[in-house]
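In what follows, chain A forms one complex with chain B and a second complex with chain C.
Right after this comes the complex of A and B.
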């Protein structure tokens, strides 16, 4: 028999089951991957706890943790009010923008932009002579836009690709900024300028001017997102289509970049240059894992951003000078870790659970099938199977088979009566279905796909668990309701299965010794 | 609407280059409304480039394009587009209906959300491609053929008069192929003009009223039965143009002094 069409069939087949029931070797691979990841997050969690404890100790050394916490919560201290307002505005603006950054795959652009603004910060300071927020804002925005223009210039005139250009611009602008800041700190009025906070952020140092600027930028971000949501959506999803429909994609991109630069600049004071991109990416990435709709993702990202911001500001306040930026980013990372682990659909644990229950189902169904085979070999006689025969058939010990049978019993598929195992009606029906699926699929492969009968068993072993009723009906039609599989065995017919089920319903559930005997032979 | 004499699409002396290497050279085509036109040619013949530059998605180095007698900029509302399926990220967090609604965006102003009428129109378009039951799914939960039909539904929602479709039949199942060709024929009966980049010669003959044989320039354009000849296909798919392309490359490299040229 020709083996020619095999690859074609195999291409069709794995897709159908791989999602539900990965091959055993694959499972090992996934587990091997998960374990280190889980350890990594366990470590992360412990370190976060350790850090929190550090905050505690530090606070006790000063005013005491609870005193500080109460001061923060009472909002009497203006610096607390500013820090809190700043954190909320920052989380909102960065979260919303971050949503678009993530879906547009521009995460690195945000990072490059935040580093590129540093020379502008220094230049603004030098120009104004003091730490004037407006001067710094203007300088930083210009530097940021210059940075992105440099990236565009490099990618469009050379054959370097964007990632390299971003890395190049990020580091060189950042280096320039560090040098300029160091020079400024050597100036007579340098030290009291507090410009060092631009590196790691200090929410407590926020003033009314900073909050004013932040409000303007965040309002602009919210306004643009509200007004141009559909334009941002379509240009993010399919820019070519958006342009063909006459939308000004270039303008939309530039607007987004400008807002990004502005948001990064106003966030600098609170989060710092080094980590500001995390406030763009992390809340949005967590939101991306939790939802399948952009508008919900934006709302979640904004919420996560604000929560992280407040947690960071609070930690920094009670922690007496712990840098705000790293605390905010840690809070956001914790949210992300939560989404990564516990996300209901894409989360690691949910996926692991689904795989586990899928494996359990396959294991149970295979045991049922073996029982059905024994029953069949007994010419569908008494419906009970001796535990000993069962163990021998499964090539396992009595103890092992006992575990399997008890598992089947907890799912109400079999009942155990001393040394004998009996199908429940549901168990017999499912066993018959599995055997039917297996044999139908084998027949289909040999008849319709020209595969040799000795090649079809393994494939049917996997397919039998995932064939839906509709597919089974289609298979039966296609095979003209065949009765005999390629190995000469009887294919249990749906009518008979139905009758078995019907009989079972008539009779009260129990060992059902006389249940499907004749039905099997007909 | 438009009087019959005005071509739906008129391309004059269109030249498109990529890093100084010409991809299309001196294209002259005029397509009368109500035609279903297949664009065929070998890989790298510039088929996608042609329709993209007709829609202004690529910079043009010479020539012009008119849509219903007007420059493209004034006629974007009358143009519909089905891009290649691979051109977008199907993990993007949008539903099937959201994607089809994008077809309505062009006619809505800034700040205006798609309304109830737009939703109804989008659902009707989804129904035409038999995907209405999938309206609320996230787009990654669709098969390749279904994804292609989503793009088709989005183009239908544009209610355009001239459609450009980039390989809508590439890698789709038989059911999708039938659904697409049915929709295309309906569009043609409604007087729309459709340009389809196509890669499969046997079906090309069967599907299209006119064929545009393309390999860097127009080898032939005319009714399918006149153009679909061994000689012209040989001309299109044969090696005739390799010399031209080599010369052009040499010219490009010379003018460019060895820089910025993509191999």
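Right after this comes the complex of A and C.
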């Protein structure tokens, strides 16, 4: 039984099964409440302030942006209260489920499912004769589940790939739904059905029944996630391991799909068929960029979902009938863009910065190495390296080498004294390490991998900057602490390098007057 | 209520009339349907081969903001600005998706979902903000208005009326796509199946990848008004999926998908007349019906065949 393909599983699975005491989970539960509660209180506070300021009277006067905003914040309008509650519930449910969707790589299953519910919406409407939330809920959930079942039927019985099957089901069901909706609009009671809001969403059209249904579904989602967290986690990251551990993976999958269908259906009224999948994917993907732990990711996703929901409901209210769905999706996309650019570990800027500093380090280390070579040719003499020789060795002009040396000097690796460059103790140590890494690797390649000595240099040029201490120790052991590299050069030994540094520190007088040379030679 | 919902089936009205007394009306609709389904089908076959079916999903959604912005900037519904807008939007989508999934650990499927939904949301918002300036309404964005095709201004060639504007435009698109497929048949085939081989043959797969994406954008924008953003996906995928259940030869797949396009556009018109519903949606339903038939009766991988073998 393999331990799973990703390193994440390695870390996550043992935790889930070894930690039998409930206490850590309880802490997670408190955290889970922490963030949404905070927002909720913030919202309450703004509404209280708005009420105290008496903006309601103002609100009746006109409908400028601030007046509308104040009306929204004061929560006096029942439709605002419903819209807000709907947006929060939707964000919570979709965010939590979306987390699993994203880590299970089923993002487009959500998309297909959300389009496939449309004929169910129409059928539910036809069945009840009015826009009865419960009938529509039942019809749409069935249609959504049928849609996902069709996808798996197609992929398992034909050679068509999953993407094709998803696209097929998505549009065919959607076309059926559109057919039925256009037929309903022809019916005597069809026009006032307001069924058009299902396409793009209108949070303001939510009623008490809708909110009731949404609360039930969201409660179910939260309940299942809290109770079955471990099981969901394991089946998401390592289905093979989960099966071998005796978990009913198929049932867990079906439960998840059922919840997904239900969550999509209750979200329809607010976001619309077309964009509900984005409320599943986008907040969860943003959270995925910010953390490596599933529980934190779920919390973040739920938080992002709720914030986007509220922003969308607000924008739709202030913007006088703008569709809610696109606004929510734009809010979520903004959050995603923020995480994508500014995420502390996986963000583009952080990665760019890391790469930049990596490149800078490589540049500096190469300069140090060249200096070490010159010093070595001088038999590790007490004199420093002449700036002129240095420039010649690096095939650059004096100005260019001046820039490099100044950069090294700002990092306290060298000192410059009248056209002569001297190592600082730290610089000498680092230079020795790089040269050692390089030669050790060359030796390793020729000795252990039987590569010709004239083919090993380029490879060593790259790896010298990334070899860690532990690897170097292992290499040395493996090569029996060899002293000479395949080209007949001395491999500086770390112990001696350290001793040299120690000596240099004890005798700090005068740049270059050090015992490092002797240490290297012995 | 059910009696109101499904009208009585009147053979003459449904099967005969569209092709005789109402031909000036439904003839154009069926022709437009065929052009759309055929052009989409030819491009879509390659999407299916390359496992990029959902790229079609993404591009078809995200041309919307391109169209709306092009319209707002040029203040016209001229063909050129629309095509440019759609091409730019298509390029932005593909680049965005690549950008997201190359530069972060978000997988490609999620990247597709994020990119197209954001762009589509922008498009829908723009449509609702400038509703009075754009004669596109939000519903039409989703399922098109193919029934209005015959009412458009006719394109005149001298004194001879060629046909409604969008039909002529789509016909040109079909001719362009067809020519491209015939001329570059070998290159497209090789680069779709084996990128490595195509590189050794001196065919740059990236060129054909982006060429295909450009073709996709053009086809999608031509079809957009007629069938909307979501049904276009069906037009892209259904013909090829149906055909690839029946054969494995690419040439035959192309021919079958043309046939599928013809049948589903005509059957769609009849279904739409009978049920009095959106004709574009009816065409897709007809196509889905053909797919189900192929799925059941396919000689190689059909359900019946599987059932008999077991």
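Rule of thumb we're sticking to: the second predicted complex is superposed on the first by the 421 of 522 C-alpha atoms of A that agree within 3 Å, B and C clash if a C-alpha of one lies under 4 Å from a C-alpha of the other, contacts with A are read in each partner's own complex, and residues count from 1 in each chain.
Throughout what follows, a residue touches a chain if its C-beta (ideal position, glycine included) is under 8 Å from a C-beta of that chain, and two chains touch if they have at least 3 such contacts.
Remember, it's a predicted structure, so these values are computed and weren't measured experimentally.
By the touch criterion stated above, A:288 is placed in contact with chain B and with chain C alike. When both complexes are overlaid on chain A, the residue A:70 reaches neither chain B nor chain C. Legend: residue contacts after superposition of the two complexes on their common chain; A:208 is shown touching neither chain B nor chain C.
The wider contact with chain A, measured as residues touched, comes from C rather than the other of chain B and chain C. In the superposition on chain A, A:158 makes contact with both chain B and chain C.
Looking at the shared chain after the overlay, A:183 reaches chain C, while chain B stays out of its contact range. Legend: residue contacts after superposition of the two complexes on their common chain; A:233 is shown touching chain B, with no touch to chain C. By the document's definition of touching, of the two partners only chain B reaches A:244; chain C does not. Contacts of A:326 after superposition on the shared chain: chain C is touched, whereas chain B is not. Contacts of A:277 after superposition: chain C is touched, whereas chain B is not reached. Put simply, chain A uses residues 105, 157-159, 288 to touch chain B in one complex and chain C in the other.
Within the complex, the chain A residues that touch chain C are 102, 105-108, 110-111, 115, 126, 129, 154, 157-161, 163-164, 166-168, 170-172, 174-176, 178-180, 182-184, 186-188, 196, 199-200, 274-275, 277-278, 281-282, 285, 288-289, 321-323, 325-327, 329-330, 333, 336, 340, 343, 346, 348, 351. Every residue of chain C that touches chain A in the complex is listed here, in rising order: 1-2, 4-6, 48, 51-54, 56-57, 100, 103-107, 109-114, 117-118, 120-122, 124-125, 128-129, 138-139, 142-143, 230-231, 233-234, 236-238, 240-241, 244-245, 275-278, 280-282, 284-285, 287-288, 291, 295, 298, 301, 303, 306.
Only residues 52, 55-57, 73, 76-77, 79, 81, 83, 87-89, 92-95, 98-99, 102-103, 105-106, 108, 110-111, 113-114, 138, 154, 158, 164, 260, 262 of chain B touch chain A when the two sit together in their complex. Those residues of chain A that touch chain B in the shared complex are 103, 105, 157-159, 226-231, 233-234, 236-238, 240-247, 288, 291-294, 296-297.
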